[in-house]
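What follows is a group of structures, each given as structure tokens.
Look at the two complexes coming up: chain A is in both, with chain B in one and chain C in the other.
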Partner chain A sequence: MTKYIIRRLVEMALTLFIIATATFFLLEAVPGDPLTQRADRLPEQSRAALYERYGLDRPVMERYLTQMNNMLHGDFGESFVYAGQTVSGLLKDRLPVSARLGIQQMLLGVSVGLLLGILAATHARSPIDYAVVGLSVLLISVPHLVFGLLLQKVFAGTLKWFPTIGWPTGKDLWLGGWKYTVLPTLTGCFSYIATYARLLKTSMLDVINQDYVLTAESKGLSRGAIVRRHILRNSFIPVMTQLPMSVAMCITGSFFIESIFSIPGIGQYYVTAVQNQDLSIVLGETVLLALLYIVVLFITDVLYVVVDPRISMPGTSSR
Partner chain B sequence: MQEKEKQLTPDQFETVGYTMEEANKIDRPTISYWQDAWRRLRKNPVAMAALVVLIVLVILVIVGPNLRGYDYVNMNVTEKNLGSSTKYWFGTDSLGRDLFSRVWVGARASILIALVATTLKLVVGTLYGSVMAHFGGWVDELLMRVIEVINSLPSLLVTILIMMVLGNNLFALFVALSITAWCNTARQTRGMIKQLKESEYVYAAEVLGASPLHIILKHYVPNMLSILLLDASTAIPAFIFTEAGLSFLGIGLTSPEISLGVLISQGQQTMDFYPSQLFYPCAVLCIIVMAFNLLGDGLRDALDPRLRK
Partner chain C sequence: MKLKRRSVLGMMGAACLSAILAGCGGSDDSSSAAVSSAAQSGTDTQVLNIRTTAFGNNYDVQDMGWRWMMAACYSGLYRNVADDTGEHFVLDGAESVDVSDDGTVYTFHLQPNAKWSDGQPVTAHDYEYGWKRLVNPKYLYDYASFIFNVVGAEEYYNGTGTADGVMAVAVDDYTFQVTLKIADPTFEAKLVATPLYPTREDLAETAGDQWGKDWTLCVYNGPFCMSELVEDNKMVWTKNTNYWNADETHLETVNWYLVGEDSTAATMFDNGELDVLQTSGDYSRKYQSEAEAGQVQMITADYPGTVCLAFDHKNGGKSGLMGNLKIRKALSYSINREEMIDAVYGRYEPAYGFISPAITFDGKSYRSQVEEPMLADYNKYAGDYDALKSLFQEGLSELGMSTDLSSVTVTYLSYGSTVEESSFREYLQQTWQQNLGIQVELNTVGDYSLFTAERDAGNFDLFSAGWYSDYNDPLDYLNTFYTGLYVSVSGGYSNSEYDALIDSLAGENDNAKRLSIYTQCEQILFDDCATIPLYYSTKEYFLQNWVKDFRWSSFGASQEFYITYIEGRGF
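What follows is the complex of A and B.
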């Protein structure tokens, strides 16, 4: 186990290095440099000073080494467009916003999805089952971009039950301003509902046909007890392994939602930085998001082994 | 006499009523894998409905923009922001352009982008996967590492990054959409070919002296086709959705170009007053994605006998 973890950690570091390098040189290839707009109207001297301030007067390789060195020390760079804004500083403000949105989405989506899955599996081939299947097809097929806009139009625009855009800040950051969070959370949770309802239903139907369920029935256990003690427990492995993947998807999945509802989260920040061609911010945030993603994937792989001892330690990672 | 009656002779076992030739004849016509799949698909009402909807959509996407004969590019200030009417079926947008025509032009762009990106994904993925499976050893190992690096990045991030580097144009969109998507195809191809290489019938074909080309065409390709078809049927709706999302964020195609994402993004700006401008592009997007998804589900059931109950 220790050997496997060390091996994975080395691989992760290598991957991260490759990603940082590739991103740096990709962004070097963007035509023009990010200071052009700001420096255009400045006199020659100030322009030179500006370029020097951001280190853009030095050769590419030197800047690459400086950048990598800085990132190793946790300094992810300063915005080219907004003087004084740093990646680390902005993430401190924005990460909690995205985190709350993600947590709310997943809690609601996964719990409702699992409930629907149980309902569908215990009432297989009944109208309830067909309703759940139909609902999940609908929820998967309608892009959440469309759902978001639709909810915004109907509940914020026409009915005025909720505010159209915005997000709680300050001391309401975690527990207040619920009315702002309802629509974005709903928009995001639909795909989780569909995924988990399908997943748990399939998994439970597999388990229901097992011999030990028949044994439990013949012992005279009540239906509820069988479902709770025997079927559910054994059908949770696919759900357990899907969960961390959902967390990882959640990191980028909220890009559209944050954009629709003008939520000041990391996704919206990233999109804005891309539109402004704010290269240092893009580079810093790409590396940070990749780091987050890689760590989540790593946890998944370790969890696989811990949760289900039947899975042997993968020698060559199959991911 | 009695002895003789008990004696069994071959002519007592003569088949009566039909000849051997008739007995060995197979009454039902032999059908190929694809005919079988098509037969199963036809029995699936949901998939057939999706197929019909798709065919109608394709026809509309081709002829739709010319159906009403209005100019959908230049503005017409006297007739802007109209609702649905017999003249303008979907109404007009904020610059007075016929929304019906624009929606189909946009859908045409979205579907074309998805098709090209899917083709790219399949071609690159198959080639890459075949190279991995064919050479094996350290080449396989190295190429697999590349896939792992790409897969350890959130794909939307890569897509946005590529769009930024290459700019907002069609070519950039093709590259950005397919740059992460091919990994999955490559892995499936590699697995399939490795499995086929070991299989007895390929071995038998080799022993009998079949040329590599024959083996590829007769054994690899038919086995790959169903996997690739399924791959495409899930990739197309995903690409359509990603394209719409990117264009909505302003990172994909932008305004003078028309795609469903661009139309939705324009619709959002006026949705408080003229919801129809948001509604129609959204509805068409949903119908396209849903039809592809349902057809894909049906294809999976029809093409993969192992999954059949």
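What follows is the complex of A and C.
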């Protein structure tokens, strides 16, 4: 086990290095640079000065090595476009915002999704089933942007139940300002509802046809007890596989939702940084998100073995 | 020394007017109580909510970057404002100014009661530090060249001089003196720009490389102070009671909300969550009709920007045709500006010249003094597409090419994917194909970086270009066509006669002569058909009916609230 974990950690470091290098050179390969637009408006004589000021006049390899060296020391550098913004500032200020939004969306979305999934599976081929399937298709196919604007128009505009934009900050960051979070949470939870309702339904229908369910029925157990004890528990494995992915993705933010509701999260900033070719910020965010993803995958893999001894780890013996 | 003393009447007049117009209400600040009259009965809070689409993060006045928003928190020697009478500047940090007979020495007498938000007086030393910081080679500010005409400034910037050699000096605490190399009538127009605002040496030096980046380290000497910032969400300004003219400032709070979507902003404006709105496209049309019905107020003002199509003057374009004057004219005159503006934008003004009507000269709009140079020639061909086709064919003959128009392909390079940008491309393609019978290839790229790459690679005949002026003088526009200076605007245009005329302006103090040279320069551009002007930019603000005395500006802060007040909102 220890050997496996060490090997995985080395692999993770290597993956991060490759991701950082690839990101750096991909951004370099795109024509232009973060200063193009600004420089284009300046007289020729001031342009060289601008590039010199941001160190962009130096050769690519030199900048790559400097950047990598700085990153190893935890310094991702400063934004080219927004003076003073750094990746560490981003982690401190923006990540918690996206995290709360993501967690709320996921908790609500996954719970409602699972309930609907159970409902659809236990009422297979009934109008309830069709309604759940129809709803899932609708929820997954309509973009966030449309839902967000629609909810905003109705609940903030016409009914005035909730504020149109905004997000709790300061002491309210984690637990206060609920009224601000309702519409964004609803907007984002729809895709979770759709995903988990369909996932659990399919998985439950598979389990329902298993021999042990038949046995349980023949033993005369009640329908509720069969669902609870035998079907649900066994059909949760695909859900357990999906869930860590959702956790990893949920805190990385959503560009559209954050943009519509003016939420100071990480998602909106990431997209803007890519558009601006804001190298240090893109690099920092990419590496951090990759790290988050890799760590979650790693934990999931380890947990599999802990939860289900039948699953073996490569390079180790489960016998 | 001849005294040229300006009074603060302009500003005081505007402020008094606002007081007469029933002042501000609901304020709990005693300083504004004296102005109030009708407001006594109201329950209006003096809070203004306004939308923006970006915050910036640049609070270094010398850096100019975010001046359009932040300039309203600062105060320089002059403040540029616009109202129904157009753009003009008023004295702000300076109480009066003396100019020497030869126009090279400016002595500014500062407001003795001007203070920073931390209570320290605003002194001539703060101006001296700000100006010297601007040309300090350590910082390489983009706008350093704004004051290269100050004795010693360019030398200091280039490393051949010293800070002490820069003749922008504090004579005493409240007298700031600037010596120019040669007289420059555009100098005063530049004083409204934030790079020439004062900066506190003690704070800036302590902050080091965090200066301008960390807003909590800033102090303000304008009507408002920034008091809260939530990135991508909200910025709050509160009234700066230390501003020298704070008695006339009625708003207690200005809330800036970052709202990316026009649809969201419209919902908020309809709800009364926003008091001032800038929008575009269909929403603009919607509020235009609401304004006509009196439900909201609308302000439309000229903005010093001209949107053009630039030719490839360097290589004659991908088609090799752009070097021909007749072909350039046929392309330009075949665009019906009025129809295009109506079909694509629903606002703006058609352009038949290069210099925007927002630019003033000698106190009047330049455009009201000089007729648009393209208009006469354009009108000769107006709508006569057969004549324009013949003109195009004549051009082809001159180049020794086949006169079969259908075999001609012209490439238009542009970027962006907004509805307006896409509509314009399609409009242009259709217009040239229909009116001239030529083929139009659209080289459309995703963003500005890709655009410059394609442009530098020469994959175009024409590209989308334009100029938004930095200071209020026609020269800022005309400089862009000076050989080699702004290829991104001129497309590489070069004309020695034009350059010589621009050069002859140096040290020219006679306004009549300057006007004559400006007129000649602009005429040369259109005799040569150096560019295709499309439209003059305008600003469009929608305001709730309860917003009073809102001001705007093209060269300082885009929105000015220093005399704005709320009346009749009821909350």
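The working rule: the second predicted complex is superposed on the first by the 271 of 319 C-alpha atoms of A that agree within 3 Å, B and C clash if a C-alpha of one lies under 4 Å from a C-alpha of the other, contacts with A are read in each partner's own complex, and residues count from 1 in each chain.
Everything below uses one rule, namely that a contact is a pair of C-beta atoms (placed from the backbone, for glycine too) under 8 Å apart; a residue touches a chain by one contact, two chains touch by 3 or more.
Everything numeric in this text was worked out from a predicted model, so none of it was measured.
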Partner chain in contact with A:V271 - chain B first, chain C second, else both or neither: first
Partner chain in contact with A:V30 - chain B first, chain C second, else both or neither: both
First, second, both or neither for A:G157, with chain B first and chain C second: both
Contacts of A:E52 with chain B and chain C, given as first, second, both or neither: second
Partner chain in contact with A:P127 - chain B first, chain C second, else both or neither: neither
Partner chain(s) touched by A:Y82 [first = chain B, second = chain C, both, neither]: second
A:G224 touches, of chain B and chain C: first, second, both or neither? neither
Touching partner for A:S262 - first (chain B), second (chain C), both, neither: second
Touched partner set for A:I165, first chain B, second chain C, both or neither: second
Intersection of the chain A residues that touch chain B with those that touch chain C: 30-31, 149, 152-153, 157, 259-260, 275, 277
Complex interface listing, chain A residues touching chain B: 11-12, 15, 18-19, 23, 26-27, 29-31, 137-138, 140-143, 145-146, 149-150, 152-153, 157, 248-249, 251-253, 255-256, 259-260, 270-271, 274-275, 277, 282, 286, 289-290, 293-294, 297, 317, 319
Interfacial residue positions of chain B with respect to chain A in the complex: 148-149, 151-157, 160-165, 167, 237, 241, 244-245, 248-251, 264, 267-268, 271-272, 275, 278, 282, 285-286, 289-290, 293-294
Complex contact set, residues of chain C against chain A: 56-58, 60, 63, 65, 139-140, 142, 144-145, 210, 212-214, 230-234, 257-261, 263-264, 267-268, 270-271, 273, 447-450, 452-454, 484-486, 488
For the chain A and chain C complex, residues of the former touching the latter: 30-33, 36-38, 40-46, 49-50, 52-53, 79, 82-85, 93-94, 149, 152-153, 156-157, 160, 163-167, 169, 258-265, 268-269, 275, 277
